[in-house]
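In the part that follows, the structures are each spelled out as structure tokens.
What follows is chain A paired twice: with chain B in the first complex and chain C in the second.
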Partner chain A sequence: MSAPHPRRAAVTGIGVVAPNGNSTEAFWKATSEGVVVLDRITREGCEHLPLRVAGQIRDFDPPAAIEERYLVQTDRFTHFAMAAADLALEDAGLSRSDTDADPFSVGVVTAAGSGGGEFGQRELQQLWGKGSRFVGPYQSIAWFYAASTGQISIRRGLKGPCGVVASDEAGGLDALAHAARAVRRGTDVMVAGATEAPLAPYSMVCQLGYEELSTVAEPDRAYRPFTTAACGFVPAEGGAMVVVEAETSARERGVPVRATLAGHAATFTGASRWEQSREGLAQAIRVALDEAGCAPEEIDVVFADALGVPEADRAEALAIADALGPHGTRVPVTAPKTAVGRACGAAPLLDVAAAVLAMEHGVIPPTPNVFDICHDLDLVTARARATEMRTALVLSRGLMGSNAALVLRRGAADAS
Partner chain B sequence: MSDRITVEELAELMKKAAGITVAPEELRQQQESGFDAFGLDSLGLLGIVGELENRYGTPMPPDAEKSKSPRQFLALVNSALLAGA
Partner chain C sequence: MRRRVAVTGIGIVAPGGIGVPAFWDLLTSGRTATRGITFFDPSGLRSQIAAECDFDPAAHGLDAEEIARSDRYLQFALVAGDEAIRDSGLDLAGENPWRVGVSLGTAVGGTTRLEHDYVLVSDRGQHWDVDHRKAEPHLHRAFTPSTLASAVAERFEARGPVQTVSTGCTSGLDAVGYAFHTIEEGRADVCIAGASDSPISPITMACFDAIKATSPSNDDPAHASRPFDARRNGFVMGEGGAVLVLEELEHARARDAHVYCEIGGYATFGNAYHMTGLTREGLEMARAIEDALGQARLDATAIDYVNAHGSGTQQNDRHETAAVKRALGAHAYDTPMSSIKSMVGHSLGAIGAIEVVACALALARQVVPPTANYETPDPECDLDYVPRVARERRLRSVLSVGSGFGGFQSAVIMTLPRERTE
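Then we have the complex of A and B:
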């Protein structure tokens, strides 16, 4: 597995729609400056629920980003996905005419964990309020996990291999690994990532049973992983799509290789079994490093899962130490998601976007609202830290028991 | 409410059910074109059929949702309305 692949999978474009920015540039500025956007949930029908704080996207205007015929047949999570895909393709220098020239060479893969709850709720209200004849046909596609992949491919006319990963929060990383495999098998370009919209009333009620959910009402105290004040996580909406492209294709097109997807692995240790997630996450890290041909000491920064549940935080800190050895307590670790919340399967995508941008800028974004770490980690807390980085490790775990690790190398792989 | 579905009403339904903006005059002139030329997919047409059934309180012919063109669709649904009247 450590032999170099003939077709390396590179990141050539990034598109972000997040609570702290509706463009990649705005996202990075807010992320690197540690701007906290967690706030009281104000969405209609949600104010009375015990879940009080989340990362909401407030200034995204769907009709400005997406044609009406696609808006009427899709949920908010797919609106984010289509908008982020546009941004990623534009960032990669791939216009509509470029992708039309060889549509079979461009595929799509997304991950989703929450689905189209807002759309689904509206149609279910029609069903029980007025009757089955008042449920629109687009209900049959809009609320399923697969909707974003399908709509991105239809809207952009992309005819390459398509897929959907539904593997919990860590599925965001698995989707990128799926894209990397498609590239290695011969597809030139994959539009890959995850977006979520779990802040509609129905979707929120579905989450209330999770004991890991923070119900703290003060935004600056609701999500503080790795501290003795850890009280669970807060959800978020949005996400990111990236263009995963064969390095050879990027070179032929003359576009920069931002990073390479060097190694990935996923494991499963069972729902809410956080103590066991230590072993699963450590194993995912080891296998991902092995695939990347990467020694533990080469990891320059770790983007942590940072669930914010004491038992889970402890397991993650120990997993990093188990897999990276003594380097695990020295390597800078960050969790910028404390500024925006955890966007289900899209949470690790925001971390991947931040990791690539961090390596490019030589700046590790901070972990806002987190002080007094109670684990043996070098967590980058209040302020960003300037440092040269070549390799980043992104970690993710899901409430249902998935664990995943992704190794990213900055720039073109053969430059190292 | 008219007992016949007009091109104007079809244009309004295409907007409401499928988010497609088309001027009635354009729809009238291109009645032979396929619905796909306007960007209307099969689920969108199915939604229009459902909306008509709710509005007029009468079932539409099963083939209505399989119509290829506005002319074919209007002929089918209007014959059903005429028969039900």
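Then we have the complex of A and C:
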């Protein structure tokens, strides 16, 4: 075991806005019960597209969560981000007056994969349909990928290090790692995570070029990773923000350390080169374990990337075996995202939220719609599994070639 | 022992200067590359001027397939990347690929292609319901900014930490800063760093029109970008890409690489004030400068040159002058501070990396680039802005600062290699 880091990064708050729940509690209830919310896309303008199924957020009421002046200048992905950040900060017991005491000690980092697509499409229509004078004043700040970090910083008065990383899906884990490094460098608190809203009509058209996308029309058959029926992935919207805090800061404030971000690594093996992702993912796992000072046998649960493309699923199963050795076929593996779909860079954030909650509850959430596993994995399928967990491994890969692994330890590190 | 980070290779595609020799020639001549927009008919726009690159991707070694699948900003990055790797003398085949990373910034990514295909699928903005059958191949590569780092990593077979950074107008500085930290923290030995943007398209011009951020001096484009001048009236849109090879210093020395400079410190803070507005005090940018100085273990008085954000908007130049005075104290008045945006425009996410390249060259050649078009002093901007003419000067440590939408304030410090006892 390596020497304890002087400033360990802890998770002290979680905020989720997901297709299966617009609060952390609702998300965990649905996730642990395996409630599937994938459905036919009902968004206006999407009816005739060859992409039929997605994980949509249906009962999110932006005006109930966000002030009007922020709503008008932001896209749906930033609405989710502001709402999730509020939930996470509240969960961490950090009020506005707490963060105002030293605004430079609280920063924000998000991962961005899709930007403000719905807002952007509306303004493109104004420009091309009516003329340049009809483009509104907020297009320049709503469409770009940095909108959520900027708005969270402004709305909550947070002046610490602000960042935006984009490493497609795996970027969600990179954002958390970025936050952990900022904490190690001296920032007390980072509000970190990702939310996405890639289901506007033109955003969907842009994604049709991904050959990994599922075009199956039946919601219960559209996203079935690790099976012979795997036919691609289903897109989704939403995401999660978490409060990443120096363990010392959490202790001083007297709030519980929910988990520590113990190790992370990212590698790259080329866009859609899924066979090569085996080596890249295995390498990421090894380096993340090393940083965490964690033996393979200590991993109690793996939250898989589970892309749902046969070649990619095989590469992931083999990568887990390569990196964890014999333990790789014994450790429980789960992919609760089959219930909600994959929201670009936010997909692994929902897994991180689920992993922390799973360790706290002693319950591994299931992988709905998946049975008849065709890989040598102990996949938790139909029902949740009760088990004691201290360490979780979260995996993510991106369509543009990134691989990332994150090791989470339950509770305060000095208890181990 | 602390790992130090060297710049060992540089590549650039900038308006008026593709490749390092042409770029440096432009910067030291005081000429400007701003002109009336030629890429599309800008009539109807408030600002009809930009700093465009006369760029032929085929002439710079990209094949037909690469050109077809790569949006313009990707082409800039590939060409600048080729030059940087060549310049570094690095034999990538001999490197451990897991120890080679990529960190590239872009503010608007594939917007140009997104807009192009939008026009096709919407029948020129006639329908909310878009016709996917009219989209062109490769559109999905424009959808996510990740494509930038991915395309460059594939070209150079980097397998380490690969990420795109998209913090708006500080993207370029932040991408270099992240790469610096990546090597310093031991997560890679080599990092291909930089930024690229090609935002000269109707939607991007129109959205800055809407907030009057860009210059309306359409009748005199060559003199439209006037940072720190009392008659400044907004920034002039630009485009371009810059790539640097960052390398752990001992790694560079072991292969006898030419070292342009070291990256000594990087920091960024949010102003938590306004998405597009800036305070008069510049507290947050000052804090970023102070933090970066601390990492570099330098006193403020060690700074020999400040490469300004200097966008040429009224509020930016005032804000920045206040921030630099706050961070450097009286030394600010003895320190030349110039804005190359006066010559190459403001290429949003790319410009930060282009400015880092300008700083590396300034250090290597001991010359400060000027602020072109500077004529009329502004009482609120009372520093030495190096008017119009490049200046020879002994340079050991330089500072580059950036400021962007979202309220982000970033600072990077570069130094000539020196022996530090630690």
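Basically, the second predicted complex is superposed on the first by the 413 of 416 C-alpha atoms of A that agree within 3 Å, B and C clash if a C-alpha of one lies under 4 Å from a C-alpha of the other, contacts with A are read in each partner's own complex, and residues count from 1 in each chain.
As a convention for this text, contacts are C-beta pairs under 8 Å (C-beta built on N, C-alpha and C of every residue); 3 or more make two chains touch, one makes a residue touch a chain.
What you are looking at is a predicted structure, and each value in this text was computed from that prediction instead of being measured.
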| item | value |
| --- | --- |
| Which superposed partner A:201 touches (first chain B, second chain C, both, neither) | second |
| Partner chain in contact with A:153 - chain B first, chain C second, else both or neither | second |
| Touched partner set for A:344, first chain B, second chain C, both or neither | second |
| Between chain B and chain C, more extensive residue contact with chain A | C |
| Partner chain in contact with A:181 - chain B first, chain C second, else both or neither | second |
| First (chain B), second (chain C), both or neither touched by A:95 | neither |
| Partner chain in contact with A:73 - chain B first, chain C second, else both or neither | both |
| Chain B versus chain C as contact partner of A:137, first or second or both or neither | both |
| Common interface positions of chain A, toward chain B and toward chain C | 73, 133, 136-137, 140-141 |
| Chain A partner contacts - residues on chain C that touch it in the complex | 44-45, 98, 102, 107-109, 114-115, 117-119, 121-122, 124-126, 128-130, 132, 135, 137-147, 149-150, 153-154, 158-168, 171, 174, 178, 181, 185, 187, 202-203, 205-211, 213, 267-276, 284, 287, 404-408 |
| In the complex with chain C, residue positions of chain A that touch it | 44-45, 47-50, 73, 103-104, 107-108, 112-115, 120-121, 123-133, 135-137, 139-141, 143-147, 149-151, 153-154, 156-168, 171, 174, 178, 181, 201-210, 265-271, 280, 283, 344, 398-402 |
| Residues of chain B that touch chain A when the two form their complex | 17-21, 39, 43-44, 46-47, 50, 53-54 |
| In the complex, chain A residues that touch chain B | 67-73, 133-134, 136-138, 140-141 |
